[in-house]
Amino acid sequence: MASKKKLLLIDVDCGTDDAQAIMMAIAAPNVHILGITCVEGNTPLDNVCKNVLRVLQLCNRLDIPVFCGADKPILGEAINASDFHGTDGLGDVPDPTAPGLELIQKEHAVSALNRIVSKHPEQISLVATGPLTNLALAVRMDSTFPKKLKTLYIMGGNMESRGNTTACGEFNFLADPEAAHVVLNEFTCKTYIATWEHSCRSKLPWEWYDQWVKRGTKKSDFIKKIYAHSMQYSRNNEKENKALVAGPGFVSCDAYAMAAAIDESTVTSVIDCAVTVEMCGKFTRGMMVLDLIDSLKKKNKALIMNGCDLEKFKTLMEALIK
Amino acid sequence: MASKKKLLLIDVDCGTDDAQAIMMAIAAPNVHILGITCVEGNTPLDNVCKNVLRVLQLCNRLDIPVFCGADKPILGEAINASDFHGTDGLGDVPDPTAPGLELIQKEHAVSALNRIVSKHPEQISLVATGPLTNLALAVRMDSTFPKKLKTLYIMGGNMESRGNTTACGEFNFLADPEAAHVVLNEFTCKTYIATWEHSCRSKLPWEWYDQWVKRGTKKSDFIKKIYAHSMQYSRNNEKENKALVAGPGFVSCDAYAMAAAIDESTVTSVIDCAVTVEMCGKFTRGMMVLDLIDSLKKKNKALIMNGCDLEKFKTLMEALIK
Amino acid sequence: MASKKKLLLIDVDCGTDDAQAIMMAIAAPNVHILGITCVEGNTPLDNVCKNVLRVLQLCNRLDIPVFCGADKPILGEAINASDFHGTDGLGDVPDPTAPGLELIQKEHAVSALNRIVSKHPEQISLVATGPLTNLALAVRMDSTFPKKLKTLYIMGGNMESRGNTTACGEFNFLADPEAAHVVLNEFTCKTYIATWEHSCRSKLPWEWYDQWVKRGTKKSDFIKKIYAHSMQYSRNNEKENKALVAGPGFVSCDAYAMAAAIDESTVTSVIDCAVTVEMCGKFTRGMMVLDLIDSLKKKNKALIMNGCDLEKFKTLMEALIK
Amino acid sequence: MASKKKLLLIDVDCGTDDAQAIMMAIAAPNVHILGITCVEGNTPLDNVCKNVLRVLQLCNRLDIPVFCGADKPILGEAINASDFHGTDGLGDVPDPTAPGLELIQKEHAVSALNRIVSKHPEQISLVATGPLTNLALAVRMDSTFPKKLKTLYIMGGNMESRGNTTACGEFNFLADPEAAHVVLNEFTCKTYIATWEHSCRSKLPWEWYDQWVKRGTKKSDFIKKIYAHSMQYSRNNEKENKALVAGPGFVSCDAYAMAAAIDESTVTSVIDCAVTVEMCGKFTRGMMVLDLIDSLKKKNKALIMNGCDLEKFKTLMEALIK
């Protein structure tokens, strides 16, 4: 039976939207999660690991192995997003019953990624919702890693130079531009990218959000609780609102990449082109570059998500709180 | 009477669309052209000067003084656009009756810009349709230049990282990123920018173009003749077509900036924000950066044109061939 | 008679060592100073102009025309060196009898440079002891400027990545890396460069300095007075001392370039190679690059001064205080 | 007995001078080599591994474990030095009796580095004579790696902007600037750096070399054979000669770092200062930056080797061919 399911690896920097993405995967009957790897990003690495465990405990899925990965981006200087996600990455609502870090696997995330994909070559979909440090390290430790993947789904980057952290920098790519550069250049597997602009344009109305978190399930209560901080921040912060493309609403960035992995038909349109990442710009460091005019002569292309079936997406969102 | 007209200075790198922009200004009853300054860009500087004289001769306006400016961008390494505009910048259809360069004023374009705006402080609209080298030199030669302008209209840059020359580089800004940087930082006068994306989105159907150049006037014949090369190139060249935002059609980039100068109501929408130019990126050199989240804390803002009244624009285009 | 003298133009950002360089030129019987052009640098442009006039008044040479040039570097963001040279650029010892700015010529420095060299083609030595903004503007305003010069003498840059302002940035080049880049690329005339390291290695003992300024002449009193601030700063400031190559002593940077112009035999050794300037580095912006392995395939070479006849140099220094 | 020996790990991109460095370590009675890790650099990774095995076979030390590491620099684009070291990295003199790659350990070099230093915390000297990719990956896989080292000896970088591969780029640092940046920033252990200039200034006369390789031992014959290509290249190549600092002679770069590890007293002088690496310069990418004026306010300092006891060094060189 399991062999008919999609095999999934999930690499996260578990803030509030990563939590929703994990829950979406757990709720999907057609996927089998082989492991979750953690990377510094929205919040420091220890928080990321704790947050993943909290989500798994909530879903009664502590059987899924969790691996601890890179505690810094490639060049060593981390940024985080605690103003949006809270200091602990999940809205600063402590859970005294949360599991301890002793549940984290001893194996390093990068080793685990390489070991697991070698065991299921070309069968695994990898969903990456944080900075791409672990993925870049994985290919550097074993150059065959990318071709052993079936499909890669990335939340990160921007397609029209709209930044949410700097003028042209989306958080995940800005947090590790070198890793993003490596992944976009060397991951020759089929690659979907859910950019910041795509996420914003696929946002859901606040009215939808309000009824969604009022269902009274344990899971909807959890989401409501951990997202209260972010919601407050999103609604009131001027920079956050300026960064938001295409008007107000609820944007669960990481959920779009996960939805694509669970059901590719949620993606209604793509731009198929070579992409790279600026590493040296004074204003553009971390920006994703779409080479729409083929000026870089790169063979490797990516599928930039450019349209979302919102009904299907909402169905997946509804499922995750049940 | 003349005092009621809008006073105009035009800085061009006269290719085919600059020619149309100049003709549009000449046809506009409400503007008075004080001079045209030339800058290396689409074609080498001598061609630029010759092309302007040809356009003025065609329009019986050789009375307008033409000044020769910078023959290289700030850093000294020029690019040009002869594949699109032809080797001579006007479609390589030689005109044996063209006036000679002896008609060019002896005064340097940069000196002329400074002299003329000092004579009419805060009364002149400057329309810049080439690389911004002359403008950058003008402010460096006299730091009061920008505040003596009434309004600046620029064709150049991009607003969503769509390049027409490199992946993220629009020709005019890429041809002199340092000059664009200086102008966007120091020109504190009201500044409109017609970007590549805006021009593309405001394009006219080829059907419109075909009937436009068939009117049988001397001017429509001229445009048809000089644009034949570009039209062929636009219609068949793969890179050119990939660079074109929002589908096929006739894009007269420089004409949008000029139309705005002649009739501000052709601009139906603007984005009001701080802008700058990337000078150091490996992939993004020359890209215009919109600081929509105010991360650079710049006081100086520009008006990025984001909508065009196509009916009014067509009326101006129709007028120029009469 | 005058025709047998070396014709000199001097471009300065008049701090204390520029003052010494000007005085050295005035004292030299074999040179005829055609003009002094001013550029923002060590101190704001108005101070530079005032300081030059003070020096000329001291030397009874207010007949030498002084021109005001660029008030900002090419990119528009100035740095200055008031901690070393004092807020007014000459050690903050006000002179109530100083001439007023009305003595400055009306003509812009850049126009003057172009006009004067056109009048004496290939006969003029240009000594540049500040940021190279005026020179870069001069070639952009008239591309024939460099080939009309006989010889160019620059104080600026570094030859072994030793910075005095940032880790790898010497003040004059760091203050306008784009201008230095233009000059090093486009000035095809014979070009001598007195770098920071060369100046440091050619320093004079403090004992020599102490007796030098004690001669009791009007000029030695002036130097002692204006240099008191710098001397205090040089002797006690930790960063200043760390920046000093090859031990303590009196370094009059600009004087080495001027000495070479007055008497080429003060230069006992040169490195003849192509040079350029880094504009984009995170740590190396403004650094002069010596292409000793010819990796850039540049035809244009410069003569990097690499040895000074200290006896001859001291003779010139002694002469300037008489 | 072994516990009194210095414990050594050696990370190499085994070209001709790495071979000499390994042989020097093997010949030293006071060191115990715990392992040799391989990294792409002078020659592709497979060659590096083969070359190390050839050297160990020559020395009857195939008991030393050899580990295969990164096959590309951090950003994925490798350069190599086959013009100097030969296509196979050891002068293109094939050895049919060379051991096969099956002797390479199964464990990845980066895992081995982390495992071995964890076993002997603060007791191991690591000598790195290639691009620093493996070291950068090691700290990213385990951030405690640097503080578990006793001392790090690096051959790489430059101290006066003298490049041997580009104008300002020394091969090892240029081959992976990001890795060098990570190591110089995060390796807080005592760190010695043998730069290109230091190696050149510590070169040995060709006369010494000629007698050295004529001893008729198996090892001297080997060195003579593998170095014939490099010697020819060094003596005749114009770029190579221009890159050479301080005149002709035999420069075994990697041997200086190894000599320091074996006998610290070979280092007669050091510069103790913060260092970093330029990653973004147009001309200076890969250049080591010495922050002699403390402008970067970095706590972490390195010891830049600035003098070599040539007699002691020659004794070590003599020993390795016995």
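A few notes on this one:
We just call them A, B, C and D in the order they show up, numbering each chain from 1.
In this section, a residue touches a chain if its C-beta (ideal position, glycine included) is under 8 Å from a C-beta of that chain, and two chains touch if they have at least 3 such contacts.
What you see is a predicted model, and the numbers here were worked out from it, not measured in a lab.
Superposing chain A on chain C by their CA atoms means rotating through 180 degrees, a value rounded to the nearest 5. Farthest from chain A in terms of Cα centroid separation is C. In this structure chain A contacts its sequence twin chain B using mostly the same residue numbers, the overlap exceeding half.
In terms of their C-alpha centroids, the spacing between chain B and chain D amounts to 56 Å. Rounded to a whole number, the gap between the C-alpha centres of chain A and chain B is 43 angstrom.
If you average the CA atoms of chain B and of chain C, the two centres end up 40 Å from each other. In chain A, the residues that reach two or more other chains under the touch definition are 279-280. Interface residues of chain D facing chain C in the complex, by the touch rule stated above, are 160-164, 166-168, 238-239, 242-243, 276, 278-285, 287, 289-296.
On the chain C side of its complex with chain B, the touching residues are 70-72, 74-76, 108, 110-111, 133, 137, 140-143, 178, 181-182, 185-186, 279-280.
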